[in-house]
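Paired with chain B in one complex and with chain C in the other, chain A is shared by the two complexes that follow.
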Partner chain A sequence: MEIDADAPHSMGTTIIGVTYNGGVVLGADSRTSTGVYVANRASDKITQLTDNVYVCRSGSAADSQIVSDYVRYFLHQHTIQLGQPATVKVAANLVRLLAYNNKNMLQTGLIVGGWDKYEGGKIYGIPLGGTIIEQPFAIGGSGSSYLYGFFDQAWKEGMTKDEAEQLVVKAVSLAIARDGASGGVVRTVIINSEGVTRNFYPGDKLPLWYEELEPQFSLLDIPSSPGPEPMNI
Partner chain B sequence: MNMVDSAQPFKTLLGPESDSQRTQYPYVTGTSVVGVKYKDGILMASDMGASYGSTLRYKSVERMKPIGKHSLLGASGEISDFQEILHYLDELILYDNMWDDGNSLGPKEVHSYLTRVMYNRRNKFNPFWNSLVLGGVKNGQKYLGTVSMIGVHFEDSHVATGFGNHLARPILREEWNENMSYEDGVKLLEKCMRVLLYRDRSAVNKIQIAKITEEGVTISRPYALKTFWEFNAFKNPTVGAEGSW
Partner chain C sequence: MSKAEIDFPPKGGFSFDLCKRNEMLIKKGVQPPSYRKTGTTIVGLIFQYCGFHSTFLEMLIGCLTKNFKEGGKTEDGVILGADTRATAGTIVCDKNCEKIHYMAPNIYCCGAGTAANTEAVTDMVSSQLQLHRYHTGCESRVITALMLLKSPLFNYQGYVQAALVLGGVDVTGPHLHTIYPHGLTDTLPFATMGSGSLAAMTVFESKYREGLTRDEGIQLVTEAICSGIFNDLGSGSNVDVCVITKGHKDYLRNHLLPNPRSYISPKGFLFPKKTGIDKFFGY
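So, the complex of A and B:
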């Protein structure tokens, strides 16, 4: 099959942002594709804007990167001028301005999440078109289609930090199971008054779903045979 | 990678909709808004849904907002454009307040402003992709008008956007009258919203009803309508005609 090396890098993606009692948990898969080829199987789609605000990126890799670069730059200046950390609301509104004013050229959906001392943990969804919408939880990317029903059922207000992170990991993993454009590892970022924690859940640590099998070393099932390792080049 | 098609790469590099002729696509859209005049002022109703294509993506979006002291704006269509229009109106009202001259913009003036904004954007092939309903009361005078994305604007005793024009207005033509009480008006709007819920694919069952009178604006808490499904013809739709629907 012809690989179109010139196809735009698109992050098929599943991205999630969830508020809990004390902060937010952001989650994403790690697959970046050019057409059908997986250009990066371990991307980091949760990008820092400030110490206390992060953004989950979906859609065009280039568009989402440039938007977050600009917003990081503006927020840096804003923080200096303000003399204290920027609020999540300000960060989200800066993202919205770029997304809205360039709506004809950009193809990126973003979820801004963070913690500030005024409002606590907040999540803002900014879909295509540049609408800004504050939500208790947000889902985005191509994989999110498979999660509307899941969240309708599984979401509840006032979860603990661990419950929220487990929900995010389960959800991204379910989306990866069904969305060809999502895959790889699940990355989470937890933001609260105490700071920021990054977590990493490799593919083989995720739960198995319908029709998926437990990976084994070999058909020959020799327990002592080596697992997959980096090549010696 | 084709060496022959040198014209192609340039167009694809530019990305979607980036040439000088614009007119966007709507992405996140709200459906009908319905407004009626009643004895004390204006009543307006809309649901709280915002769709993303065929997905009912957001279900808690307020599509009616107070403007200044005397007006209420309801919008259907692209939500990001509605948010931008609200920014413009914030600025308009702010400047009006800064005159500090005892005057304030009434619904007629706000409607006129919106008409100019919408029509001028249409002339530049870069519309705000919305249909707006503007209602209000000032000095005892009730006002209810509408502006579309191409600048078509008019006033009437009852107005609606989108599907509301086809489903709600015929009901209003039959049952509306000038001297409706608040209760009559609410019941009538609920009847319209129920029909829209049955027949508009983009409707969600979470509505708000807003009232504007000389005293000011009240927007109700969100609530859901009861629906009726117990017709015999619904329970046994294919009796006597197996295979039909």
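So, the complex of A and C:
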């Protein structure tokens, strides 16, 4: 198959945002693809907008980066003018305004999640087209198709922080197992009144699902002392 | 005042009129001219070597056997590499072009894609960076160059075919970024771009590790570019390397020449004096 390196980069992705008792957990995979080539296998799709609000990006990688850059800039100005941290609702609405007013030119689905002192932990989904919808949990990206049934069964109100994070990691790893456009590592961001915690789950720490095999002769086992002799030219 | 002239300010953004004209011409059967494209291999990597000794005895031995500077030294920086072939269609039009472009004294940028686009975009941004340096009085930062490069590429929606590997060392440390024609940027410890990127990435994925020294880094970059040169038709000729460390850079033009011309006359070529070249041995 021809590798078209000029194809626009899409983050065929899995992104998830989940509220729990006291905050939110955002999760994403780490694969950015150009056609069939994986351009970046360790990308960070959870981008910071303010200290307490983060956004998960999916769809066209360039479009989502630019939208989050603009929103970060507007939110910074808004925070200075307001004199206190911006609320998640404001951040989500700024994203929605950009996405809706430029809907003909943008192709990006976003999940905005964060914590503020008025409403607590909130998740807002902003899919293609620019609608805004406040949800207790949101999923997006190409891998999310495989998770609708899983969440219907597994999500419950009032989880603890660890339960929520485990749910997110399990869900992203299930999507990675079935969606070719998702892969790499699982990144999570936990936002609550205490602050922000970033976690990272490499491939070998994820559970194995149906028909998946244990790693054998994995490169991760090779001791990381001086590698093989460089080629003599 | 003439009533017929109403000046509207030009609407921002790219004007696609000529693109439509080109499409119409192609439909009528006119062959578009082939442009010079650097089907390329460009790579970059960050090396961070911490050479401090863990025990007092080692430190003592280190101080006795080497000079004082080498004990406890931390060396980090960015190494950029590129091949030197520029193609126009299937013809190699430049066998020794320069793909590592100057952006700032501490920032360099390799360019793949259409040669005119990479030259123009890097030239433009290097001027903007210089003006910014005059305004602020400080050394340029790599993320400044990144944003200045990303914005026009995004605004032109990928029509400016320039894929770049941007690397440099500023007050915040060594940085390496890739910039794609649509405006996407990635920040990575090692990166490859261009038609030979897959060949070069195989070398990096198998041999890159954290804690490379400067010489190991140069060796690895050279190997990756050679892999692109020998396995990709769009890349060839020589290897250029640029090493940037804090306060210092080494532009190793033609660091390696693995493709010597094998049939030149041993006496060289003599040109008449007016051409300005005395003896030409080819490359």
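Simple rule for what comes next: the second predicted complex is superposed on the first by the 217 of 233 C-alpha atoms of A that agree within 3 Å, B and C clash if a C-alpha of one lies under 4 Å from a C-alpha of the other, contacts with A are read in each partner's own complex, and residues count from 1 in each chain.
In the analysis below, a contact is a pair of C-beta atoms (placed from the backbone, for glycine too) under 8 Å apart; a residue touches a chain by one contact, two chains touch by 3 or more.
What you are looking at is a predicted structure, and each value in this text was computed from that prediction instead of being measured.
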- Look at A:Tyr37 in the shared chain and tell me whether it touches chain B only, chain C only, both, or neither; answer first, second, both or neither. second
| message | According to the stated criteria, A:Asn199 is in contact with first (chain B), second (chain C), both, or neither; which is it? | response | neither
Practice problem: Applying the touch criterion given at the start, work out whether A:Lys103 contacts chain B, chain C, both or neither, answering first, second, both or neither. | Solution: first
- request: Could you look at A:Thr79 and tell me whether it touches chain B, chain C, both or neither (first, second, both, neither)?
  value: neither
Item to complete: Name the contact category of A:Tyr148: first (chain B only), second (chain C only), both, or neither.
Response: first
- Task: Considering only touches as defined above, state whether A:Pro127 meets chain B (first), chain C (second), both or neither.
- Result: first
Chain A residues contacting chain B in one complex and chain C in the other 5-6
In their shared complex, chain A is touched by residues of chain B numbered 1, 9, 14-18, 22, 24, 26-28, 50, 52, 55, 57-58, 60-61, 78-80, 83-84
In the complex, chain A touches chain B at residues 4-6, 96, 100, 103-105, 107, 127-133, 135, 145, 148
In the complex, the residues of chain A that touch chain C are 3, 5-6, 8-9, 32, 34, 37, 39-40, 42-43, 60-62, 65-66, 224, 227-228, 230-231, 233
Counting only contacts in the complex, chain C reaches chain A at residues 150, 154, 158, 161, 163, 178, 180-186, 188, 194-195, 197-198, 206-207, 209, 216, 219-220, 222-223, 226, 256, 258
